[in-house]
Amino acid sequence: MRGFAAVLRRDLLLAMRRKNEVVTAIFFFVVVAALFPLGIGPEQNTLRLVAPGILWIGALLASLLSLGRLFASDFADGSLEQMALSPNSLSLLVAAKISAHWLLSGLPLVLLAPLLGLQFDLPSTALWILTLSLLLGTPVLSLIGAIGAALTLGVRGGDVLLSLLVLPLYVPTLIFGAGAVQAEMSGLGSAAHLSILAAMALVAAVFSPWASAACLRLALET
Amino acid sequence: MKSTIFHFAAPQNFYRLAGQLWPLFGVVALLLTAWGLWLGLCVAPIDFQQGQAYRIIFVHVPASWMSMVIYVVMAFWALLGLTFNTRLSGMMGQALAPTGAIFAFLSLWTGALWGKPMWGAWWVWDARLTSELILFFLYLGYIALTHAIDDPRRADKAGGILALVGALNVPVIYFSVQWWNTLHQGASVSITKGSSMAQPMLEAMLIMSLAFWMYAIAMGLYRVRLIILLRERHAHWVTQLPEFNSASQGVAA
Amino acid sequence: MLSVSSLSFSRGHRCLFADVNFTLQPGQWLHVEGGNGVGKTTLLRLICGLNALEQGEITWHNQSVAKDPDLFRAELAYLGHPLALKEDLTPVENILASAAVCGLHLSQGDAMAALTKMGLEGAAHLPVRVLSQGQKRRTALARLVVSDARLWILDEPFVALDTPAQEVLCDVLNAHLNRQGMLLLTSHQAVNLAGQGQTYRLSA
C-alpha cells in the first residue's frame, strides 16, 4: 500500500508543480460545451434535449486528451522502469497512476458539470444525476483509457492511435452515462443506468490495472 | 496429435501446409458463393413486403456474421499466442484482421444499400448496424496498432491484448447499443419476421455464410504465408524456397 | 548469488549476443565490457527482467528468477541510462519518492545524508531541472546509498562524473561489496574496486 500512496503522492505533487496541464483539460471541457450550442442553435428545448450527450461527450474528449500523458513522461525519464523493477506489484502502482489521473482530469469535470449543465437549462434533478453519472463514469474512462495509453506507449502516431483504439471501447460508458440523465429527464428513472455504470467501474477497477501493467511491460521490452 | 500441432506451430512447416490448403478453400468458397447467390437471387421467392431489394440480405447477413466470427477467432488466436508465446498465433491474428474488416465494411455498405429503398435513408442508427460500425472501428484500431509498432513481437502481443480487450467488450457494446436503441425508440430492422423465414431464404443465407467462411480461411492462410515470408526473410529455409531462387535469378539476369 | 547461463538475445533476426554465462557470489563484482552497440545495456536489462527472456536461464540464490520475479526485484537495484528523476521535484523529494516506491522506509534526514555524501547538500532543495548533468547523476546514485538491495546492476555509472565524484562512487561501491553485496556494471573505463572482480567481454 505504501507503494500505491507513494506513486499517487508523487503524481499529484508533480501535477501541482505544473498546473497548466490540469487546467488545460478543464478549459477544453468548458470550451467544447460552449461550442455545441454555437453549432446547433440557441433553441432552448433542443439544447435541453441534447445537453446530456453534449456534456458527456465533452467530458469524454477532455479525458481522452489527457490520457496521452498518463505514462509518457515516466516512460521517457526511466521512472517506469524503476516501477517495473520495484518489489511492489506493477498493477498496484499503475492503479495509483490511474487514480492520480482521475483525480486530476476526471474529478474536476465531475465538479464542473453541474455548472455547465445550467448553461443548458437542465432541471436540478438532471444536474444531480449528471454529476453522479460522471462520478461513476469518468473512472471507467480513465481505467479503459489507461489500457489504450499503455498499448500505444512509445508508438509512432500514438496519440491519434490512442483515440482510435479507445473511443469504441468508450461507447457503453457514454450510452449509460448520458442515458442516465436522459432517463431521469423523461421520468423513467436512472437507477438501472447508474447501477450498470457502477458495475462497469468495479470490473474495470479490477481488470484494467492488471491489463495495463502487462502492456507497460511489453512497452518496456523494446 | 499433439506432436502434429507442435510441428505445424513452426512457421516453416505451416507455410507449406498453408500453401497446399488455401487454393482448396478458395475453390470451395467460389463454388459455394455461386450456389448461394443462385439460391438467393434466383430461387428464393420475392418478399411480399420488400420486393426484390431484400435480396441484398444474402450478402449483408453472412457478412455481418463472418465479421463477428472472425473477431472471435482473432481473440482466440490472441489468447493462444499470449498464453503459449507462439509466433504463429500472432501472425494468424494479423492475417485475419483485414478480411474481418472487409466483411464489416461490406456489411455496413450492404446495410446502407438495403436501407435506401427500404426506409428512405442511407443510414439508420439501428442497433445492429451501429454495433457493426463499432466492430469495424475495433478492426481498424487493431490493424492500425499492429502496423504502427515496428517490433513484430511487440506488435503481436499488443495486438493480442487489444483483440482480447475488444472481444470482452463486444458483448457489453452490443448490449449497450441495444439498450440505447430501444430506449430511444429508434428504427428497428427486422430481417427475419419471426421464425417463419422461407426455407430457401434460410438455406441461401447459410450457404453464403459458409462461402464467406471458406473465403476467410483461404485469405487468412494466403495472407499468413506472406507474413511468414516477411518475418522470416533472413532465415535459411526461406532462401532455399524455389520461388525465392527463381525471383533472385530473375533479378540477377 | 546470481547465476546466468546460456543467455542469448536477438533483435528480430539479428543476434546480439549468444551463450553468455557467469556467476556472481556475494562480495564480487563483474565488469561487462565491449564496444558500442554490442549489447551491454540489453544484457543488463535482460538480467533485470525488463527485456523478455527467450533463451537461457537466470537464477538468484539457485532459484529461477522467472518463477518468482518479485523476490529477485526486492533485492535488486538498477540504474540505467535514463536516470529516473522527476525534473520538477527536488533531489530530496526524488529520493524519498523512489524509496517509498521500492518499499523502503526513509526519513528526510536519511535522504539528506545520502545527498550530502554525494556532494549535493547545496543543491538538495532545488528542482532537478536546474542541476547539471553530473549533479543529476549524483542524485540518481544517491539512491544507491540508501538502498538495501543485495545486487546492484549499473549501466555506465561513472559517466558525467568529475574525479572527486568518481572517488565517492568508488567508496560507495566498495562499501556495498564489503557488506557482501554484488555488483554488475558496464563502463568504458577501467574498474578498480575492492573484493573479487571479474571482467566479461561481450562480443558480437
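Quick notes on this structure:
Order of writing sets the chain letters: A, B and C. Residues in each chain are counted from 1.
The working rule: a contact is a pair of C-beta atoms (placed from the backbone, for glycine too) under 8 Å apart; a residue touches a chain by one contact, two chains touch by 3 or more.
What you see is a predicted model; the values in this text were computed from it and never measured.
Taken as a contact graph, with one node per protein chain and an edge wherever two chains touch, the assembly is complete, since every chain touches every other chain. Once CA atoms are averaged chain by chain and compared with the all-protein CA average, the nearest chain turns out to be A. When the interfaces A-C and B-C are ranked by how many C-beta pairs touch across them, A-C comes first.
Ranked by how far their CA centres sit from the centre of chain A, the chains are topped by C. With centres defined as mean CA coordinates, chain B is found 32 Å away from chain A. Centroid to centroid, with C-alpha atoms defining each point, chain A and chain C lie 37 Å apart. With centres set at the average Cα position, the gap from chain B to chain C is 49 Å.
In chain C, the positions touching at least two other chains are 52. Counting partners per residue, chain A has 221 as the residues that reach two or more other chains.
Across the assembly, chain B contributes residues 151 that each touch 2 or more other chains.
Considering their complex, residues 48-52, 70, 73-74, 76, 78, 80-89, 93, 97-98, 100-103, 127 of chain C touch chain A.
On the side of chain A, the complex with chain C involves touching residues 2-3, 5-7, 9-10, 13-14, 17-18, 76-79, 81-89, 93, 220-221.
Contact residues of chain B toward chain C in the complex are 151-153, 232-235. The residues of chain B lying in touch with chain A in their complex are 134, 137-138, 140-141, 144-145, 148-151, 154, 157-158, 161-162, 165-166, 169, 172-173, 175-177, 179-180, 183. Those residues of chain C whose C-beta lies close enough to touch chain B in the complex are 12-13, 52.
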